[in-house]
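Quick one: the structure is below, questions incoming.
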Amino acid sequence: MRKVYHRPEGLTDTLMRYCPGCGHGIIHRIIAELLVELNIRERTVGIAPVGCSVFADEYFNCDMIQPAHGRGPAVATGLKRANPDLIVFSYQGDGDLAAIGTAEIVHAAARNENFTVIFVNNAIYGMTGGQLAPTTLPNMVSTTTPRGRNTKLAGNPIRVCELLNSLDGPVYINRTSVHTPQWVLKTKKAIKRGFEIQMAKKGFALIEVLSMCPTNWRMSPIESSRWIEEVMSKYYELKLFRDLTKEEK
Amino acid sequence: MPKNRTEVLVDVCKGCGLCVEFCPKKIIRLSDDINSSGYHPAEIIDQEKCIGCGFCYLICPEPAMVIYREER
Amino acid sequence: MSERYLFRGNHAIAEGAMRAGCRFFAGYPITPQNEIPEYFSARMPDYGGVFLQTESEIAAINMLFGASAAGVRAMTTSSSPGISLMQEGISYSCGADLPMVIANVVRGGPGLGNIAPAQSDYFQATRGGGHGDYRTPVLAPNSVQEMFEFPKLAFELAERYRTPVIILADGLLGQMIEPLEYTFDPVDPKTLPKKDYILDGCKGRERRVIRSYDLRPGYLEKLNFERIKKYQKIEAEEVRYETDHLDDAEFVIIAYGTCSRVAKAAVRLARNNGVKMGLLRPITLWPFPKKMIEELTGKTRLFIVVEMSMGQMIEDVELVVKGKAPVRLIPHPGGGIPTAREIWERFQQFREEL
Amino acid sequence: MTNEIIIAGFGGQGIISAGMIIAQAGMSEGRYVTFFPSYGAEMRGGTANCSVVVSDEEVASPVVDRPDTLMVMNEPSLIRFEPRVKENGILFFNQTLIKSRPKRKDIKIYPVEANLIAEELGSGRIANMVMLGAFAAVTKTVDLDSLKAAQRVIFKKADEKMHRLNDQALERGYKLING
Amino acid sequence: MSERYLFRGNHAIAEGAMRAGCRFFAGYPITPQNEIPEYFSARMPDYGGVFLQTESEIAAINMLFGASAAGVRAMTTSSSPGISLMQEGISYSCGADLPMVIANVVRGGPGLGNIAPAQSDYFQATRGGGHGDYRTPVLAPNSVQEMFEFPKLAFELAERYRTPVIILADGLLGQMIEPLEYTFDPVDPKTLPKKDYILDGCKGRERRVIRSYDLRPGYLEKLNFERIKKYQKIEAEEVRYETDHLDDAEFVIIAYGTCSRVAKAAVRLARNNGVKMGLLRPITLWPFPKKMIEELTGKTRLFIVVEMSMGQMIEDVELVVKGKAPVRLIPHPGGGIPTAREIWERFQQFREEL
Amino acid sequence: MRKVYHRPEGLTDTLMRYCPGCGHGIIHRIIAELLVELNIRERTVGIAPVGCSVFADEYFNCDMIQPAHGRGPAVATGLKRANPDLIVFSYQGDGDLAAIGTAEIVHAAARNENFTVIFVNNAIYGMTGGQLAPTTLPNMVSTTTPRGRNTKLAGNPIRVCELLNSLDGPVYINRTSVHTPQWVLKTKKAIKRGFEIQMAKKGFALIEVLSMCPTNWRMSPIESSRWIEEVMSKYYELKLFRDLTKEEK
Amino acid sequence: MTNEIIIAGFGGQGIISAGMIIAQAGMSEGRYVTFFPSYGAEMRGGTANCSVVVSDEEVASPVVDRPDTLMVMNEPSLIRFEPRVKENGILFFNQTLIKSRPKRKDIKIYPVEANLIAEELGSGRIANMVMLGAFAAVTKTVDLDSLKAAQRVIFKKADEKMHRLNDQALERGYKLING
Amino acid sequence: MPKNRTEVLVDVCKGCGLCVEFCPKKIIRLSDDINSSGYHPAEIIDQEKCIGCGFCYLICPEPAMVIYREER
């Protein structure tokens, strides 16, 4: 008997303190597997955001750094420019990346910095207890839109892939999800592509991953998965927006 | 002897039920027991039927699943 | 005298930094320090380092966070409003014990203020304008030559103590042009000792983590008590100051940076008029030269603090003097520069009132 | 000896480079020098001025409040800076562009047809050099030759023709006094 | 006793603000103050005001800049890292003399630190963490009742002096639940006197400009000297503090906020043990109750400063005491909360060492 | 004889301190004319940026406010939400809006805040002396890209209209120029449309205006005008990107 | 009289609401009360605890360091908090979920089959109420009736059925002691 | 008498030359005089030919142009 699926070496032994059914764990595991499969674990520096996955610095079995809220792309720029031999990934939530960190992600993308961003869109501020995120859907309830997101008052959601796709800089932009095993596999492919592009020194890749937050969505994990399938993925189209390495061919 | 084996790491599992939902063979359920963190962990109810597809592992956030396949 | 070149303060600090082994500069334009990034942009390629004009000061300080974690000597420069924006990042860098050098070429405030030279960011620099308990060494140059030399000193302190170090200059020091002598050989970063905390991939070693948080109850407090020990060590070992005519001084001016230059002229004026005046010039604003002031307190009839602010360093002076001698302030809030004549006249007034 | 100098005029009249040339010349003669330009917002179509200190001892304050020597190239600068000149100080003014006349009685005043002479030499832009020549002749703060050498350092990107022209302008200014 | 309700500190401050006429709230989530924006989001519509969750703390403080200029009572709240990000905006608001209220529910620092209660942003709040010469009144509540009442006081001070006012709380005060009494009637903003500097269109009057800069030589300095007069007035007239058992006290604890609650328990403990201990609790941290401490200095054998920081307020105490009485510190840097027992034990030690 | 063209009442008597040939003056005058023509001068609050046009608060003959660098859209949001009867315009340069103020403009646009942005793109930091702007063209020389903008190091320019056009929020996005009298007229129409949309409470309008900076481009004013015609307007396409009020019809 | 109380257990065991019910009951009886929850990062699948002080005099410190009364609902909380109880203090522990036994000899210890009884009543989620009933009976800090009234205030959104169930659980806990 | 009149506010003009460039009738040039700010201001060399198109006003950054048209 051969162990075909098991906790990858890219994760530490520390048990993850996410809520049951949280998408962060799945995405962590995917990245961890790739660190091993691409043989980059020993030259990778991961960036944990401020958000539920602030604890990512305890979970990934590689060098990790934990910077200020939203500034992952700036820190990644510093790391990578100072030492271009590193493989750098910035793991960020939707509050981190699309609210407070808007300027940093837009400019890192415009500069086509050579690192990989994993953007976890769970349409909510998980860590702080379920407030409105830039990606919270219209009419969706959050603790700061208790009557649902009224876009007239609280504004329209931001679609990050579409936003960054208007720039010249980025090489790769893809939106996937982890709400089913099939999509987990696709997400893995996408993130792999992101890392490969970095390894080939081609530049900036961002993979947006729709991810369940059962706790703050006030749904069971299974309802959360269904909600991504039926609602969230309709609003955030799951597709490859750009792969400039392909166009080059 | 089964072709594949799926093992649940009982104390890692948080009883989220995602594996239960996505197992194509519907051979996983949540146990009545409580693990050390206070969750009802997943358990395999019919190991024989497991096709080793790995869906339960793929969707598990912890991951609390370990899957063995028979060597060929 | 060896070869000297006319150099602008802002150019000198950039040249000095690169010669000190700085290989990463990130910054955002702001007057009166624009010549610093401009000089870096022109020369950094020759040094094989990284120059980046960033989208903001916030991005700059956070890039330093990354670059420092990667192990290079990293620097940013800005002026007052830009430095305010960096406060979160500076606090994080202190919390993560990352060495870096931040120069503030201070201008008049608050708000947009003006672009004239000022010293009104003293509190911010010495007390930590960011959140949480931390201190950063603060170096205050007063000449183009020191603008050139202090980045090296700053990097050395930063790495010795794993801390951000602030160089507190002002618009006059940045814009002024004076002869400069290359007083040290260029540092080759490759010859610097390898740091044992940097992130360069965990090959052949335990993985490392750089962070500024610890959520386990009690742990952060322990960590902070440890860091306080470091601060105590800095206070014990890194005080720097300069004296002028202090031996027999009855009246002592305390001033740093540009004000100390003006004060020196005032001391000359006083001496020419037969008044025993002297100058204490703090070079490190934190750690502050407490001991020296303590020593002076016994024998000084009057302390005069000259500041291009409404009076900030004076608190540090008063904390030491403890009311045992009169302390008077000559304040210039908002970009005014004192003159020697003004100090001399105010002094005479003060003396009469004693 | 210490000479504290202010030079002032329109942006574009070469105020800053004039100051730097004095500083360079002073340094080359082994003196202590400091130079401080006005900068920044005044750039946008305003006036420019700078302070230079040339001294036999270390320069304490780089801030020139009351100059020993003032050179003004335009009207507004005359109005702004004339009152600041030290008693018995020296004032040079650009007679070509300045219509009014200095009022102080307690200082020495030298009118210089800076722009006129410069235009004669072929370019209004070297009026500052004419001024510097006169300055050297009167104050003897630095030698004419030092100024000539200094302009080549400060304008290192200019061509030989320009350097020659500058030298001529310096000489013409010098000769206005020592003519 | 009139009607009382159990209220969380964070809810109380929000309710208190709206009752005080606050009609504009902008803020960004951060623990341990998330219940403030949440409460505002739920209730502001009833008050007919504006609630906005912003893209960042920087946007929040700058929205206040606009809202205050438009004339409404505007407030933001955050916790330490978020407040660091606001330093530029606070400096601008001071430079433009705009009233607003900023609450900092302090947590452990530096950096991301932790989310436990802390007082380590004292320097930042009282010295101005931003650039330039400015001060902001700082109010330090120590109960849910005061969390409710201080926004009103803060708005009144803010408008009287045209200045930002900071409410410095901490995670404990934010999260704690206590009975609350509605001690004042809701303020109808329409009944407030009309401000003569606000921007509402220049119909029938000269146009107005709100700015924080003046580039004309000398002008900013004059403006700043004017503003210093305002600060002097605040120092003369707005000092607030509370005393407990000070009449016959030989030993005096100085503590604010959460620490003052713990200190009160320590005073009880001491009194029960026959020790004449008392408490001075500064309510305004700036202006600091200097006179009161001066008065105490003559008759106090020992001052004990208790702070949830490495020792920041102690500087203000020492500036007044001037070495005339011993001052000891019980510091908790990094989110630790002192206990009455700990204070009592440390006191006994201090006394022995006297 | 009738005065048909003359300094509009929407400008104060203060002479503007811009360099000769600077586009800011032209754009100021256009706005000033509209304040009068639309009869909104007495209920307008203008926002001056940090940039060469920081002095705009001296020039516009209406209430003015001068906030921190890049934060115009946040201040506008505060003003307008606090007093919806005001007409608010935010006047911003490319450094102000597209660098340090990226997050604020993106989110104000996403929220469809009801104010008007005049975005002056002169491809350079004018005020601070000619440093690289986010909009500086590839290979263009600036004082911080003395060898020309190398997009590999200094990143790719950001096209603001295109960026914001990826959002749901904004009602009106247009890019014009003031390098010829004809384009001056078109710019006036565009800005007028922006104000009208605000007056009708329809929401967010941004007019990007290409503008000469002869000083920092190191060109004469006429060369500058030509450079916009021949180079800059090729990179920044002059067109109407969006007018949702038209689509509604 | 002052009772300083700590309640601790898993997140989801109703720790916070139990504390608030005591505070509400105390307040309704005219006592001084303060409540302080643990918060934040511990949320994610960790433990929860809170402090309540009920007193006849103004509450000085809201921080409970050494409780008079400790209620623990799970194993880790017993380990963490047992050592802190004051001498002669009182410890209630949830016997259903806690396998080990308290070790202190200098305090009074009350085992409560909180989850067992709650499940009997139909829902493990009201184990906290059972605990509170026992607490009232032993400590007499607040009356049973006050607790019943208080739970209706704290769970104001719950329906009458739930309120009744809570009352039953409170009574069952109360009767464990005063049965 | 001309149909239109174009007036240059001499001390407002900064001599940028944009009006010179864009006047369709080419009737504007920069004067040799220096104004109070040190610039060579624009001047109209052939008022007769002015068509009152306003281009000079439209492109002037100051604005230093005033244009009169005959009333109809």
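Should a chain be cited, it is by its letter among A, B, C, D, E, F, G and H, assigned in written order, with residues numbered from 1 in that chain.
Criterion: a contact is a pair of C-beta atoms (placed from the backbone, for glycine too) under 8 Å apart; a residue touches a chain by one contact, two chains touch by 3 or more.
A quick map from chain label to UniProt name: A, F = 2-oxoglutarate oxidoreductase; B, H = Tungsten formylmethanofuran dehydrogenase; C, E = 3-methyl-2-oxobutanoate dehydrogenase subunit beta; D, G = 2-oxoacid:ferredoxin oxidoreductase subunit gamma.
It should be emphasised that the depicted structure is a prediction, and the values quoted were computed from it without experimental measurement.
Traced through touching neighbours, the fewest hops from chain C to chain H number 2. Per-pair tallies of C-beta contacts place C-E first. Chain E has its Cα centroid 54 Å from the Cα centroid of chain B. Chain B and chain H have Cα centroids lying 85 Å from one another. One simple way to say how far apart two chains are is to compare their mean CA positions; for chain B and chain D this gives 87 Å. Averaging C-alpha coordinates per chain places the centre of chain A 59 Å away from that of chain H.
Listed for chain G are residues 40-41, 45, each touching two or more other chains. Counting partners per residue, chain B has 14 as the residues that reach two or more other chains.
In chain C, the residues touching two or more other chains are 31, 52, 55-56, 58, 81, 88, 92, 96, 111-112, 114-115, 211-213, 215.
Listed in rising order, the residues of chain E touching chain A in the complex are 28-31, 34, 37-38, 41-42, 51-53, 55-57, 81, 111-112.
Within the complex formed with chain E, the residues of chain G that make contact are 20, 23-24, 27, 30, 32-37, 39-41, 59-63, 65-66, 153. Listed in rising order, the residues of chain E touching chain F in the complex are 23-24, 26, 50, 52, 54-56, 58-60, 62-72, 74, 88-89, 92, 96, 199-204, 207-213. Those residues of chain F that touch chain A in the complex are listed here as 99-103, 106-107, 110-112, 134, 151-152, 154-159, 162-163, 165-169. Across the complex, chain D is touched by residues 1, 4, 6, 31-32, 114-115, 171-172, 175-179, 258, 261-262, 264-265, 267-268, 337-342 of chain C.
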